[in-house]
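Pasting the structures here.
Here come two complexes built around chain A, the first alongside chain B, the second alongside chain C.
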Partner chain A sequence: MIRVRFHGRGGQGIKTASRILGTAAFLEGYYVQDAPLYGAERRGAPITAFDRISKEPVLERGIITNPDIIAIGDETLLNDAAANVFQGIRKGGIFFVNTHYEASHILERYCLPECKVIVHDVTDITINTVGKASVSATLAACICRITGTAGKEALINAIKKELKSIELKDETIDKNIEAAILCYDKMSEVPIETYRFNPVSGPKIIAVKHYLPPKGVAVIYAKGNTKKRKTGNWRLFKPCINYERCVRCGICFVSCPDGCISLDTDNYPVIEYANCKGCLICYEECSAKAIETKREVRTW
Partner chain B sequence: MVREMLTGNASAAWGARLADVDYVPSFPITPQTEIIENISSWIRDREMNAKFVTMDSEHSMITAAGTAAATGARVFTATSSQGLLYGMEMLYTISGWRVPLVLVNVARAISSPITLEPDHNDILAARDSGWIQIHVENCQEALDAVLMGYKISEDERVFLPVIVNLDGFYLSFTREPVEIPDQKDVKKFLPPFNRENGYFRASKPVSRGAALLGGTGYSFFKYQMHLSACNAISVYKGVAKEFKAIFGREYDTVERYEMDDAEYVIVMSNSFATKGKAAVHIMREKGHKVGLLKLRLIRPFPADDIINELLNRKGVAIIDQNIAPGSGGILYNEVCGCLYHSKERPNILLSVIGGLGGKDISQAEFEHIIDTIKKYHNKKKVPIKPILLFTEEDMKVTNNIIDIAGI
Partner chain C sequence: MDRAKIYKNVKDINEEEFVLPGTPLCAGCGGLLALRLAYKVLGQKVVILNAAGCFTLLSTYPYTPFRSSWLYTAMACGPAGAQGIRDALDILIEKGSIPKEENLKVVVLTGDGSAYDIGLQSTSGAIHRNLDFYYICYDNEAFGNTGFQMASSSPYGSRTGTTQPSDAYPMATEQQKKDLFEIWRAHKPPYMATVSPAHPVDLSAKFKKASEYKGPKLFITLAPCPTGWGYGASRSNRIAKLAVECGIWPLKEAIEGKLKHTYIPKFKPVEEYLSLQGRYDHLFKPVRNDFTIKKIQKGIDRYWAPFLKLTSCKR
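And now, the complex of A and B:
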């Protein structure tokens, strides 16, 4: 069984790439499973998609943590720890990146283990041929060729089927096929050592203890909902307190929806700018007009 | 017959389309929405001839489904998780109306904390509602169970609504090769619903859900529901036989995997059973006599089939992908209950809780379960408390979550 994990950004065609690969392999007679995984559905957000391709029925489900091939549709994700693109990368595995850089650059820059790094500027070919940067067909074509799971005919039929299902025009589909074949011909098949379960690395089951509140209860106390993300950099305007006009009424203190205003020992309000999102409710609510706004140029 | 790559959601929608349903009341909720999106676009494109109505909530949606079924229409609807709970009152009401219909629940763990991935606390909250429950493992089964569901539900010996349960994400958004049967074969298997007994007609009103005070009539009719639900076991088996004759696929109330000579058995349900089968396969390669019993029909509970499969085994683990706080695993208690009177019952019945909120169950965890059964094999005292599948690594992840939450 070959396990492929795609990474890209919402709107880039990553889910469709996984489906084109899935359908192409299905048309070649393989057992296939494909699935996308996304949290909030918005353009630009990191998205993952999976393909399992096998000659035997697939007895696995869910996300792929032990991929044989990792296919990166957007190289900027390599710098995004939250996208977790290196999860399960291993010696001998294939790491495909859509980039204009050389493979050696990727290998050194990200200190990858001895895996087979393959690079191709898929976006460039797609923009030149299709006119748009949706890499669904082109990225799928690269992986079809590298894995050797589908020939050109199955690939073309899969592109037609999947792009039709998302209601693209025939003309656009033809251009995608043209770009995909260019990519397909640039790649060559690479032998794949597929993952086998290794019992030695099994995790240890523990007895979960009881914790009193607050630890045992799913409640968030951190401002900005996490200690690690400072929401102050969302600000367009910064509220600033003019202490000469402040009458210490405390309205701003109780109005702040993010708890970013505290009172000092003399009951004067103090704004915590690390997490203040600049909603300006304090500015609106202040009856003494003691809060001014300043255009934020750069938070930090 | 054609074979296509379909998601679990699309498969369920195909089930409704092939069943030639008349009415689809709907309300969106992740991860179910794709089902009603598929159906509404087919109706738009005139590939399906049914009335599609968007409702204001799941409570209204289930009410509309029941009332339409009471007119003799063939009805399909779908929901998930919080939506099923929101419509819960009407689940009980409709089963008491004794109207046939099929609802697909796309399992998603219940808030709070809120999440998107599956476990079975949503569907098992409906276990006492009088609905027949069929739980499926893959996309093909989702399509097939919807077709079987109508045939069981519309059988006079049953006349109870049916829920087909499929797991969110693991099936709902996952595509697999699925056989879409020919409409003419489906027509043979599932003819149009015969609306003879007690349906609304012009100038011939009937009253369903009448008031019955004093308890006597209430007891009688509730017990009738129980007996009808029990009938659903033999009706299910008959329907499964007909299904196999036409479509070639076999679905008993339980599925046996490597059970013939199994000394140790894992009992589980739904899409994670695929992971269980893979684990059994690997353990077999290592020489362990392990099997898997998958529960498909959850309501009615096929006690006799379960007893038959579990007698004379050395040890059995029941994996509950649900948790009843203060009690443990829901299905564990039911499996224990049906084995009590059998002298040849297994020495060990281990309660395991795993896959909550869609958490993966790894090969190592399956092996841990079998090791634990063996550990207790010759001991007199076996813990009845459930084991939670939770690793050192999981605790590290959790501690990080707790840390960034600012506790």
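And now, the complex of A and C:
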């Protein structure tokens, strides 16, 4: 059995990527199980999805803590401890990252054990071909090829089925297929040493102590500490103010939902990039056309 | 505190921030913008009671964007929680346990799912008891936190997670949006208003005005929701403005039940508003559903007709 764990951000198509991989393998005659896991958070928050693909019926359940392949849809998650992307990483496992960096850079920077790091800039291909940054089909295509679980035909049929079910238009689906095939052809199959479970002996029961509400309820004593979450990682495009065109109208300042634009002493707007989510409302609202957008190359 | 005495233009808006960046809400969330702007008038001395919804995620342990207090309540009981906090503050001040200057504004923050349905009875009760509190409903017109299922705030003709267009229901949502404003107005609270995040001056002026009244001060803000409404995040404000200009989101206030519109729109055809959003796609593609579009337009016209006569404003 091959165990795949996807990581990405809400809105990126991670859940659908795991569906496409699962459906493609299913069409090739495998037994498959796939499931997403996300907390009570919104677009941009880390999400995880799992696939189990096997020639035998899949009896294993639950989240995958010992994946054979970890597929990272958003490179900035490597830096986010809460996303826990390295859980269960091991020698011989495959670590796929959607990034413009080299594999050696990732290996060194994160001191990974001797796993096989494979990199590919899936977002770039998807933006160029589809025009959007939802990597569901393209990411699934990479993993299909690496695992060798599905051929092109099954992959294409799986993409059609899954993207139709989330009501994408036919032309968008066709573009996704085109981008997916580009990714599929760039990858090659990699032999996988699958993980074997050591059976656990006997259940272990832990009694949880009862606390009264004042102790048992989560309390935050900090005053406004969300800045530490660095939601700037969510951005795909960066708003940049051209101060020569700016007429200091203050519209961008009152339009940013996240309060990432402040005014300096001369009433010029200043963007706080550490937390700007890249919604680009400021760009759209600036009637002086003083805000430009730049596709961002991550600097994590 | 806000320094402006009156709000005339954008320059009057307080530069101090009370809701800090880095929240887990979606990029481009219109409701969050409305909250940020409202807070600029409310100031620092606030305690929020947040009924379950998208905005409960604002304070996700161990992070909070607020510089002031925040409590989480179940969907049904935001106003009941507000009563408890208000009473506690009053008692502590009376006893001299806390100085008068440390008094807080009690604010209920809730989504439309809670405001229109699940929490309606406790809101009605609190208005009836003339509880001194603010009530802010961010209305994204469905249960946005759980997959955008239909709520009684979902407008006729919109697609939600649980009302998909079909042969039997080509308009998707068959029911009309509940008129929560009128339900509240029947209680004749001291102050109530509708606001929009893309009309920051109007919004600020209303919160400022509300502060002069003791008792319930109720607000519904349109909350453009890129995730649920199906549009690119950058368009939130454009869509909010169109909602106002098409007349589908009237900006109004009512003092002791007496109604007044604070802005007379330009009455653009409602199509301009609908066609930008994925939740209305089925009205235009694959074939145009003229019947439904016209019915939505008629609803707007019928709403405005009596007021336009009163204000002798020509269409």
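Going forward, the second predicted complex is superposed on the first by the 197 of 300 C-alpha atoms of A that agree within 3 Å, B and C clash if a C-alpha of one lies under 4 Å from a C-alpha of the other, contacts with A are read in each partner's own complex, and residues count from 1 in each chain.
In this section, a contact is a pair of C-beta atoms (placed from the backbone, for glycine too) under 8 Å apart; a residue touches a chain by one contact, two chains touch by 3 or more.
On a predicted model such as this, the values are computed, not experimentally measured, just so you know.
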TODO: Return first, second, both or neither, reflecting whether A:32 touches chain B, chain C, both chains, or no partner chain.
DONE: first
Per the contact definition in the header, classify A:296: touching chain B only (first), chain C only (second), both, or neither. neither
Checklist entry - Looking at the overlay, what does A:218 touch: chain B (first), chain C (second), both, or neither? => result both
- Looking at the overlay, does A:228 come into contact with chain B only (first), chain C only (second), both, or neither? both
| request: Would you sort A:124 into first (chain B), second (chain C), both or neither based on which partner it touches? | output: neither
Both chain B and chain C touch chain A at residues 218, 220, 222-223, 226-228
So, in the complex, the side of chain A touching chain C is made of residues 11, 40-45, 218, 220, 222-231, 234, 249-251, 253-260, 262-263, 272, 274-281, 283-285
Contacts from chain A onto chain B in the complex sit at residues 19, 22-23, 26, 31-37, 39, 58-63, 65, 197, 199, 201-206, 208, 214-215, 218-223, 226-228
So, in the complex, the side of chain C touching chain A is made of residues 10-11, 13, 15, 17, 19-30, 32-33, 36-37, 54, 56-57, 59-68, 145, 197-198, 200, 226-227, 232-238
Chain B residues touching chain A in their complex are 5, 112-113, 116, 169-170, 173-177, 271-272, 274-275, 277-278, 281-282, 358, 360, 362-365, 367-368, 387-395, 402-407
